[in-house]
Amino acid sequence: MTQHLPILIVLCPLAAALVVPLVARVSARAARALTMLATLSSLVCAVAALRVALREGDWHYHLGGWAPPWGIEYVVDPLGGGMAVIVALLATLVSLYAGPHVRGLSSLRGAAFDSLFLLLTTGLLGIALTGDLFNLYVFLEVSSLAAYALLASGGERAVVATFRYALIGTIAASFYLLGLGYLYALTGTLNMADLAIQLEAVPPGSAMTVGIVLLVVGLAIKMAVFPLHGWMPDAYTYAPPPVTMFIAAVMSKVSAYALIRVLFFVLPAGDAVETARAVLSWVAVGGVLAGSILALAQTDVRRMLVYSSVGQMGYIVLGLSIGNAAALTGALLHVVGHAAAKGCLFGAIGSLPRQTVQAEIGGLAGAARRAPLAMAAFTIAALSLVGLPPTAGFFSKWYLLRGALDADAWLFAVVLLVSSLLGAVYFFRVLEQVYFVPDPSAPDTDVPSPASPPSWRMVVPVLTLGAAVLLIGLFNGVLVSSVIQHALPEL
Amino acid sequence: MRSTFGSPVLDAATRLLVPFMWLFAAYVLIHGHDSPGGGFQAGVILAASLILLRLVRGQGSRPNLSSRDAVTCACAGPLLYGGIGVASLLSGGNFLDYGVLPLPMDPVQVRVIGTLGIEAGVMVGVTGVLVLIFDVLAPWDDGTV
Amino acid sequence: MLALLGADRPLAAVLVSLAAAALIRLVGRWPTVREACTFGAGIVKLGLVLSMLPTVLDGGVVESARLTLIPGVTLHLRADPLGMLFALVASTLWLVTSVYSVGYMRAGRYPNQTGYFASFALCVSATIGLAFAANLLTFFLFYELLTLATYPLVAHNRTPEARAGSRKYLVYTLTAGQALLLAIVWAHSLVPGGEFRPGGMLPAGVPSGTVWGLFGLFVLGLGVKAAIMPLHGWLPAAMVAPTPVSALLHAVAVVKAGAFGILRVVGYVFGVDVLRDVGADTLLAGLATTTIIFASLRAFRETHLKRRMAYSTIAQLSYIVLGAAVGSVAALAGAMFHIAAHGFIKITLFMCAGAIYTESHRDDIRQLAGIGRQMPITMGAFALASAGLAGMPLLPGFISKWNIGLGAMSTGSWVFVVVLVGSGLLNVSYLFPIVYDAFFRAPHGTVSPERPSLTVPLAATALVALLLGIAPNIGVGFYRLAWSAATSVVGGADAGGLP
Amino acid sequence: MINRLIVLLFVPALAVLLQAAGDLPAVGDGTSPAFTHVSPYYLERAHDETGAPNFVTAVLADYRGYDTFGELTVILTAGLACLLILGTRDDPPAPQNRDRS
Amino acid sequence: MIDALAPLFLLLMVVCAVAALSVKDLLSAVTVFGAFSFFSAAFFVVQDALDVAFTEAAVGAVITTVFFVCAINRTVGRPE
Amino acid sequence: MSQLGLGQLQYALAAVLLLIGLYGMLVKTNLARKLMAMNVMQVAVIVFFISLAVRSGGTPPIEIAHGAADAAYANPLPHALMLTAIVVSVSTTGVALALLIRIHRRFRTLDEPELLDRLRE
């Protein structure tokens, strides 16, 4: 079976998604267990496949036995394989984390929830692994549709936001598809590697420029970059905690991955790509600043985290618009680090019992006493987003700064630093409440009062992610030299 | 539905029409490989017939597909599709490489059979989902909107 | 474990208090065990640092293993003379402050002592890491860790004022941290690896604009912690913290980290010659002299004892910066020695202030009349330390000032000598009235008897200060360390100074 | 107001799209890359390799069968999504999420 | 097959699209939208895309329209 | 635009359709109408692809006689892709309509400005 690892990564969650609604009729527990098992085995496959790819070079898997460009291929290279590992890891943790939430749903809806969660995972994994631009579109839609439903399951305000998301997401997908059509008209192929070769021979012209712009814009919209993030605050704030945790952590990262893939591995270097990157860089600067400033203005922690995501996605876009080795390393490291950190932050907030703790910043007073472990993880993740050593966020900021200085882009460097200062302001505002403001309802003692501690199913994933943020930071050298360096495009 | 259309003419027409639709669906499915059509179109026709039944004769009419069964179909279709893919994976080929399925025929024939199998999966799945979506979107019997 | 401790002593010295911080958290339920952990770690750490001393005094260095943090950049610790000097000061004073803290916190019945001791240990860990950092990234790592670890200490009282003070502290230091980060990344693009090298790491031929920009960013980044005016605003605000914390901020860790960083940057990143060539030394010297004069004058206006000493700290730190700016061997040696000298003097002063507050709940200078008779040991130490701060001969402050002055004269900068003497006079005039009133005016109100857990540490540091002034090389050889560091930085020895 | 601005943007957008359309191979041009690069393979080999005279079916169900699998997954996702969003007769959404008229 | 039919159907589609977006009554709009789908299917036939035309006719003109009618019935309802 | 001849007319009309769809999605205030516009936009993309596949004087991509590979068949690949795209569009529409019903159930309106007003309450 090992020669089929690339497809098994995707098949595990997909097969489970198909079986879960059937199993759930017999036993809800079995359906839950199946969900966790599927994500876990997907993670195992992804790690194994990535190891093979690192040892033996890119791994091409021809689906249906048809060689590309006639058939569809899966490619496990360090970039795609690494992304798959991130997605599968988060999925595994969230499938555990979702336990208490799913148990509160009716059996059919619980099954639908689990199944959609698995389908979302499937879609994201498919995007990460596919070597075919149209297949990417199909999985983009799988993940989007599943995301719409999961986000909307959080109540009416989430539904309105999700509706907007669905419209914007469809526009994005249509742009992507249209751009793909332009490139297909010019080359006759859909396979990424083949397209890269064919495009070299195509003389630049307005059709190619428009195709590239449409493709890039479509993916950028999916990423919810700065001016197009409007749907995010409501959707993330009101969606169920496991959904927010998973989607905030990985969904936009996967779009960022697709953007990197298209910009650096498919499209030929030239004026069109340069223009696209220049536009992206200003979008990024706007996003970084606007995200940080709007985050400052929020009183709801989850909303604040959403805006911080807008800013942090700006970091990633900035990295790829600068586009040199250091900046791309930073962007990729930030993809990893921010996925772990954001998952951890939303997870920690979501693990607090709703009746005792509001998500208003003031409602977090004394949370450190009630949920010390979750809040410790929250702190580490927050420090990572502020960019303080030795967390992951510091090191990605380091590479990004290095890239900006190498490219003589001083403005970008300053923007990065200013935004992390703003990040410090809004995160320490929360941390101050968590640690230094006494809980109005509890007596002031040195001994923590385990009034209603969060379920261990929620705490374990959050702690794992918190630890991951630290470890990614401390061992980023290993990560960069053994994976990320190989994932960089040839510049 | 709040009410069925209940007219005897319509009812009779439906009785007459539905079997033909099923026949047509089967034709579209089977002849998908040499004429326009295939599993998806067959599934749409099948679903259309079931929706028609629902519209004309109400929710509990027979023969029909309950929502729960629709979910089952929706999952069973892809399962059939993926199952054929996995079967070819187990027979030594790549995923969905149905030419390698261990059937006593020449490989191209096997492929035709495999194609038919997956098209059937598509049909079942599409039927199930479309009926399901209709059920979800359609107004409820109890008058809630 | 022991083998590891023996093999990699610089790293072990950092880890000891890091482990202690974790342990303190775990055993927080039992105060006695918790404090035993603090002491144990303090003793082990001091032992580890001392065990490296002979090698360093013989002109060698003790290096730790390198851990790759970023490809090409490692986490690298190295005990060299300058780092050794700072580490010795920090680890000695940690032990002293721990004893004092136990007394102070218990006497004041402060809440959340577990967090206090854990953060304290973390702070010291960061300081030792800072001292031994062998390259810029390692330095930055511990520099920011120090910021984070002191933040809860400043906010310890949990009152709105405490939180406001800590917020101000954080905004100042984190902003500076960003500037420093930019400087460090920039330096890395010029010098891969960013390893400190005595005499400067920059390659030849760096354009003067780059040197100016880089140096400006470094001064901005380090100047906040070193409390160079106008970046000093956080320091008086941070006085809301419990007294041992103030002692830590002023004498041991935070401000010293800034001043130490400036010495590192001047001596080991740029080199005095590079700075002199572009004229950046004038900038630094100008900032330092301005700070010395203005902070001394500002101290007069404060009647709150701790705040007056905060301004005194600001002025004293700029001696170190001035020494770095002057850049001759004697001046650098004086500046480095001042880390130790000011450390022992200032911690004595703060411990005295804390003792006074614990026993009498007074913190305003005008209320201290006659208290010398009620608290003779405390005020005696206070008097001694005040004299040391003012630079009286036979006390350590004199030795550092003398050397800085000598260095300044050797480079022909008479104005600095004038500044030094003038500020000494100002020191005398804002500290001695306190001592005079305490001993020669009639007391009012009652004061509880001095407790040994408070008086023993402060008497000890006062005594050490006295000994350092009489024989600067006594014990661990602070003065020798300073000279050997200064010589290595400047290269050829030029001017003399005290033997 | 903003809507008006968006509409104003449409004029240059249309111009750009038309410009790009002019740059594309003419409709029906059998020598364009779309007809010469990948698709000839299907036209030549599909029947022999897959046994399907309908090339579209051959591509859909065989060469790009995985896309079709994905497509089926998309529609299944849509079904389950509707189910989770609205619930069905037998399984209405949780009471706190549903306010009856 | 480039003859006048393809642009004609396309023009009809444009007309239907504009109409579907501007007709006041939603149900009428849905009907017009069904016509739009029908014309697009016709266009696909002219363009030799029989499979696509078949699917578009079945999905666009029937299923999508039924879905729209259901949804509109359940929300704003039929104008009285 | 100099090259834009009759040969590209279909692309141009597809572009017009696309923009009509986009216009409807952005400017129309009724949510159901937005969804129709969304469908128009998706059909525009399909039209574009199908226009890529057609061949002058060609036949549908169904083999006339075995081995007649040189007949002017239309390109089957875009057709296959567009079948998938149609399915995607109906799926999206279904989900969006479900969302729409939920919105109406709670807020009793499909008009965007009104909806935003009620959200703010």
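Per-chain residue numbering starts at 1, and chain names A, B, C, D, E and F are given in the order in which the chains are listed.
Following the convention adopted for this analysis, a contact is a pair of C-beta atoms (placed from the backbone, for glycine too) under 8 Å apart; a residue touches a chain by one contact, two chains touch by 3 or more.
Note that this is a predicted model, so its numbers are computed, not measured.
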Partner chains shared by chain A and chain F (touch criterion as defined above): B, D
Chain with minimal offset from the mean of all protein Cα atoms: A
Remotest chain, chain E as reference, centres from CA atoms: C
Of B-F and D-F, whichever chain pair has more C-beta contact pairs: D-F
Far-end chain from chain D, centres as C-alpha averages: C
Intercentroid distance (Cα basis), chain B paired with chain A, Å: 36
Whole-Å gap between the CA centroids of chain C and chain E: 78
Averaged-CA centre spacing for the pair chain E and chain B, given as whole angstrom: 24
Sequence positions of chain A contacting 2 or more other chains: 14, 18, 21, 63-64, 108, 134, 138, 141, 145, 148-149, 152, 156, 159, 184-185, 190
Numbers and ranges of chain B residues touching at least 2 other chains: 34-36, 38, 40, 68, 71, 75, 78, 82, 95-96, 130, 133, 136-137, 145
Shared interface positions of chain D, touching two or more other chains: 17, 19, 21-24, 27-28, 34-35, 38-39, 42, 53-54, 56-58, 60, 62, 64-68, 70-71, 73-83, 85-88, 90, 101
In the complex with chain A, residue positions of chain C that touch it: 28-29, 67-71, 73, 111-114, 140-141, 144-145, 148, 152, 155, 158, 162-163, 166-167, 170-171, 174-175, 177-179, 181-182, 185-186, 188-189
Chain D residues touching chain B - in the complex, by the definition given at the top: 48-54, 56-58, 60-62, 65-66, 68-69, 71-73, 75-76, 78-80, 82-83, 85-90, 100-101
Contacting residues of chain B [partner chain F, same complex]: 34-36, 40, 133, 136-137, 145
Footprint of chain B on chain A - complex, ascending: 4, 7, 11, 14-15, 18-19, 21-22, 25, 61-65, 108
Residues of chain F defined as touching chain B within the complex: 60, 62-63, 83, 87, 94, 97-98, 101, 105
